[in-house]
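Chain naming follows the written order as A, B, C and D, and within any one chain the residues start at number 1.
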Amino acid sequence: MADNGDDDPQYTIKEGDHVVLKRGDIFKAIQVLPKKKVIFEKQWFFLDNAVGQLYSSTFEIVSGNLQPKKPKDTEGSSDAKEAGTDNRHIVDDGKSQKLTRDDIETLKEQGLKGQEIIQQLIDNSSTFRDKTEYAQDKYIKKKKKKYENTVTILKPSCRILAMMYHGREPGKICHLRYDALAQMLTLANIHAGSKVLVFETCAGLVLGSVMERMGGYGSVIQMYPGGGPGRAGMESFGLPAHFHDMLHDFPICHVNALLAGTLDTTAKDQSAVEKQSNMAADEEQNQPEVKQQVSPEEKSMETNTGDDAALDQETKERDQRREAKAEEKKVKLEEKRKKLAAVASLLEGRNADGLIIASRFHPCPVLMGLLKFLSPSRPFVVHSQYKEPLIECYTKLREQGGTVNLRLTDTWLRHYQVLPNRTHPLLLMSGGGGYLLSGTTVATDRAKPGGSQRSEEPAPKRQKLTDTEG
Amino acid sequence: MSFVEYSDFIQDGDVAVVYLGHDSMMPVKVQQGAQTQTRYGVIRHSTDLIGQRYGSKVTCSKGGWVHVLHPTPELWTVTLPHRTQILYTTDIATITMMLELKPGSVVCESGTGSGSLSHAILRTVAPTGHLHTVEFHQQRAEKVAEEFKEHRVGHLVTVRNQDVCKDGFGVTGVADAVFLDIPSPWEAVGHAKAALKRQGGRVCSFSPCIEQVQKTCEALAHQGFEEISPLEVLLRVHDVRTVSLPLPDFGPDASSAQTPPDAREGTPRYGSVALKTTTAPREMPGHTGYLTFATKPRT
Amino acid sequence: MADNGDDDPQYTIKEGDHVVLKRGDIFKAIQVLPKKKVIFEKQWFFLDNAVGQLYSSTFEIVSGNLQPKKPKDTEGSSDAKEAGTDNRHIVDDGKSQKLTRDDIETLKEQGLKGQEIIQQLIDNSSTFRDKTEYAQDKYIKKKKKKYENTVTILKPSCRILAMMYHGREPGKICHLRYDALAQMLTLANIHAGSKVLVFETCAGLVLGSVMERMGGYGSVIQMYPGGGPGRAGMESFGLPAHFHDMLHDFPICHVNALLAGTLDTTAKDQSAVEKQSNMAADEEQNQPEVKQQVSPEEKSMETNTGDDAALDQETKERDQRREAKAEEKKVKLEEKRKKLAAVASLLEGRNADGLIIASRFHPCPVLMGLLKFLSPSRPFVVHSQYKEPLIECYTKLREQGGTVNLRLTDTWLRHYQVLPNRTHPLLLMSGGGGYLLSGTTVATDRAKPGGSQRSEEPAPKRQKLTDTEG
Amino acid sequence: MSFVEYSDFIQDGDVAVVYLGHDSMMPVKVQQGAQTQTRYGVIRHSTDLIGQRYGSKVTCSKGGWVHVLHPTPELWTVTLPHRTQILYTTDIATITMMLELKPGSVVCESGTGSGSLSHAILRTVAPTGHLHTVEFHQQRAEKVAEEFKEHRVGHLVTVRNQDVCKDGFGVTGVADAVFLDIPSPWEAVGHAKAALKRQGGRVCSFSPCIEQVQKTCEALAHQGFEEISPLEVLLRVHDVRTVSLPLPDFGPDASSAQTPPDAREGTPRYGSVALKTTTAPREMPGHTGYLTFATKPRT
């Protein structure tokens, strides 16, 4: 990553790029496609003008198009403010703002930009100058949010996408807050060259983060539940094409068979592969993430194909299509078989280097099942929105042995406003980012299978009866 | 009814709190002949409220029903008309204990604001204590004095409309505790000291910004206050709910001899588990203000 | 509480007073008794010299006696410090302190006071002046803790005792942190003139706090489990004698009988009262709090009465004692009967104004049982060190109806160091102060007993199936 | 073994982590013929370690046993010899994500201190990135450089012994990210800007005191940094345990017809209930430092 100058295409927005739109603390991931209308913060516009511009540029939205802005233009002139020291003189009569809603609409129609409208509002507020600096700041922020129409286009990163998902759709990522994701990536020692298992139902955000951290070196195996691996979030990372070569996926419905050595991935037995395909179809309706990947255009195509005229012709075409589809299916199945065989061989050695779980499933059976694929002395991390299932995991692991350094934690995140004489923690904070259970695998005594594996702790460190861990 | 004494039955002239649902309440001035509109229909004071027991269920005109609660400073805090930013119960509770308030305490407060803290102080110092509260905003001072009367605590409180930083609390050497919630508390520290008893007392200053705390701590130390202790209390609400966690399908278990560790008694392999748990609200108050406590030693 | 000048005995330390010793953040509650040796922070001394002094005075401990200190003497001269800006010049060779342990002992023997020893240490540290201000401060604090020997005598208060118990023996008060106790007292609307039920196994701290807040007006009924009410903590409040008149107690083993109307407190049936007394004896050994109230002197008296000579004389005396004891017991039982009858009549109306529970018992059955004694429209608060039992309480209450405004909460407490250029939260904080469940009682429809009381919420606010409360 | 690459077997010259029990670990330099003393007895490197699989159980001379773990930056952080205050994993994880570190990133750091963060940075930027780390304390700079070599990450890092506030990072226009953990970070903000790539990058400053944050934010704004965002992350550890809660004895239930709501199936009236729960540690870290992040725009 040497400094190649601005000619380096990595700094330029190109057609087809996955980018992130930003205004204030609001983010939206989007692909740059020609003539594609984008809605962001209740405004419609086209991204076409952004192509060829540099990443991190800020644009003004002018009649549905992006217009590059000079840097520094964004900053409010907060120094120029004249503040009262307290608000004793403010009588709240509801009449302090002289501009009416209609006036403001007129200003907008006249093409006034957000920053200008806000200045108008300040100039026309009889109480603004009497407000404390604190109250002035609040006022400006509120108005800015309402009237500004700039947007910054960023290159996606784990940081930005994790913050975006947390801010916009925490439900889609199991309420995994960005700082919790940060802990997971570090606690699992994700790094280039290792072999990592990922089980997530976080729209692909966790998968993408792991892949970014591995830089295209090593292998990532996405273990996925029925319906196919959710990857929309991973796509938003806009990772280089060759990064995808290291990505493999394995349907968890074959985990038991693989562990038992009964998974047949040879060409003779298609059943395993086929079952997987059928299940994918069956379960699609239970997968909101998958459904949302279907674009509105595709949907409308499907519903508009029916036409009452020329039934014969249709029947014929339908037959042809069916044949073609059957052939297509065969080829696809063969591809799938090869892929499954490849990933099965990656897993069979049970020598993965790390495991990350963050899903809406009960983490306990997931963890107990997937832990078997790890080498000894390798880290694993499980996220859950709820503490109770992780208590269960902890207890099971303690009973079963084979892990050390077990820790059930969560993190507490606080952002600050640091401004002259106005420094304080932000008045709103996230309620919680979920809980993590982390630990390290160790070799189990294969000499004594089953039996009394309970006392996995060194002898002198006996537990009190009521304490699971001291 | 009074804010410092429970009654069993609702009477004409009372202030009652109508409980409409979780986190949804409104205060009502009970008046013979009056009506109150709620989303469940009309409440007729003469028939639905007066003479009823506090805590009763009242059926509104549309058939929905509400509970009518006896007012307390805590219910008032969540239902009062906001004329300013107010202090909430978490901070109020901490202030009350850390200022060592109890029946008989004499307390000075500024600014009165919307009276959220004032009501809690009055509840605690009654029946023998007194609150001297100073509010520089005339409209607000008048309004809050009126409310104190309506809430039948007027005899326990003196409201003064003046600038505490210039004119102090209007009393000297009588207070057990002083509370400051003003933009420049450091300018009032001297007045706080003067208001406190010669034998000593406690002081608290509430400020949102750390710079205010720094200046206030400096002023407190300069004025000889001891045990200067800034702190912060945040409330976390845990929403109780039942969640359902699906179980993963790892496929048929070939080796039936050794049951996998994830097999659960009584639950199908391919099902889900229901769980009682709590979740954090998506957003919560991350900061209200710093509470700086200190002790005035005997002088 | 008018200002009566220093003659007011409330400001003077008297023999028999309950006081609190303080050094830094360390507190200890103690009664001022003549010639009683006190251990505080590993030092032995007598309190006798404190009698007649004013509360909040600071004393120096000089050969086991208290010696009043001039005010202001306590403060370190932090302004005089000369600080380095960073610690790059400090080479850690373990030799920076020129004073040896023996030197320091010699200084102590020479009668040097803590403050002076610390100054000696600073003067003899070759690295002190090179340390950052931050590191200097740490150094001084550490040394102060080690060598200072002052003690301040405070008048007890809820604030001080709650902080003391939390700092010294959180296990004795069910890990109820002072800010959580503050929430309880406020959420339960504890105030003069009301009738409050208290169920606690917090050594009497909660009881004392409630009594302090009621100022001797109204009544407090301590509901206590077998073995007698724990009150050591309440005694430490040193409340005026007349406050005790408002205190009543009721053994919970009679709750069911009282609720069923079958509790007989007339003179004829002594069984109820007697059973209680026997239980108290039976269970004493399970009550660590109670045991610790027995002073060492009492114990040694018991074990030293045996003497082999003059057995006859002894037998005679023993008989006499037995008779006297029986008579005494009778009188005591009669007293107890009267007290039980009085408190039963207070409870029978089921019109208490508030309920506070903070105990090592499962809060759910306790709450469900005691809630029945409350009037409608009255607050209740339950503390538990653990969240899970309060989830159970919450669920039961929602099923059963009769309460509104249910909230499961905890508070998060953070102390700050505010010093010029060294402002930050304290580096250590309490892990947790316990959870609170609070709510308000409402009238239940007595017209329809049992049956479908489930939908206690107004109709338009239907719950989602998976949400217990929205 | 290397800190940026896993091996399966312990070899002569490796650094291994001996796990003795919960929160009790020690690093060991594996050397043919060497011995390590533990509280469970002696570990003989030649027979007990070399050639064994990482993660194995090793029986010590006294019969007790330990596990030998592959080193990771996280295990190193909890076992390394402290020569300074160090950064812990919670802050490190946040720094790594918020600085957008990944393989190939070029990072500048000052001060190196005990190398706790440095190892985590190296792990993340390997195999194609680089760390330029500046430490003004000569002894420490030498020691940490030695450790990097032992941990087989020496090729990924340049250690400079200089004063970052005066002399900067020794590189210009090459860094994707800069991290500052020095007493006066505001004095190094200009150097941080100079070290970052012309196309922009991320910066983070760690400071325990808010005044340092204030000055640093001012300097960052003055130097044209954007998205200035100070934050704090605290770790809460939940200890899993089984507790037993006694049930209260309310006495014989006279009205046997209506079972009281507290009667529990299967539990005697006078018993206790066992419960899986977590408890908070009595004390926990209440503050490590503020992390101030900012973005250097393209210049």
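Here is the rule we go by: a contact is a pair of C-beta atoms (placed from the backbone, for glycine too) under 8 Å apart; a residue touches a chain by one contact, two chains touch by 3 or more.
Because the structure is a prediction, the values reported are computed rather than measured.
Residue-number overlap of contact pairs with B-C passes half for only one option from A-D, A-B or C-D: A-D. In terms of C-beta pairs in contact, A-D outnumbers the other of A-D and C-D. If each chain is reduced to the centroid of its CA atoms, chain A and chain D end up 24 Å from each other.
For the pair chain A and chain B, the distance between mean C-alpha positions equals 39 Å.
Chain contacts: chain D has residues 210, 236, 243, 276-277, 290 touching two or more partner chains. Among the residues of chain A, those in touch with two or more other chains are 387, 414-415, 420, 423. Chain contacts in this assembly form a single closed ring in which each chain touches exactly two others.
Contact annotation for chain pairs lists A-B, A-D, B-C, C-D, with touch applied as defined. Only residues 4-6, 8, 19-22, 39-40, 53-57, 63-70, 72-74, 89-90, 92-94, 96-98, 100, 102-106, 120, 123-124, 126-129, 173-174, 176, 197-200, 210, 213-214, 217-218, 228-244, 276-278, 290, 292, 295, 297-298 of chain D touch chain A when the two sit together in their complex.
Listing the residues of chain D that touch chain C in their complex gives 83, 136-137, 139, 163, 182-184, 208-212, 236, 243, 245-255, 260-262, 264, 272-273, 275-277, 279-290. Interface of chain A with chain D (complex): residues 1-3, 5-6, 8, 11, 54, 56, 71, 157-159, 162, 178-179, 181-183, 185-187, 189, 191-194, 212-217, 351, 353, 375-379, 387, 391-392, 394-395, 404-405, 407-416, 418, 420, 423, 435, 440-443, 445, 457-461, 466-470. Interface residues of chain A facing chain B in the complex, by the touch rule stated above, are 85-86, 88, 91-92, 132, 134, 170, 225-226, 252-257, 260, 262, 360-362, 364-366, 368-369, 385-389, 396, 400, 414-415, 420-432.
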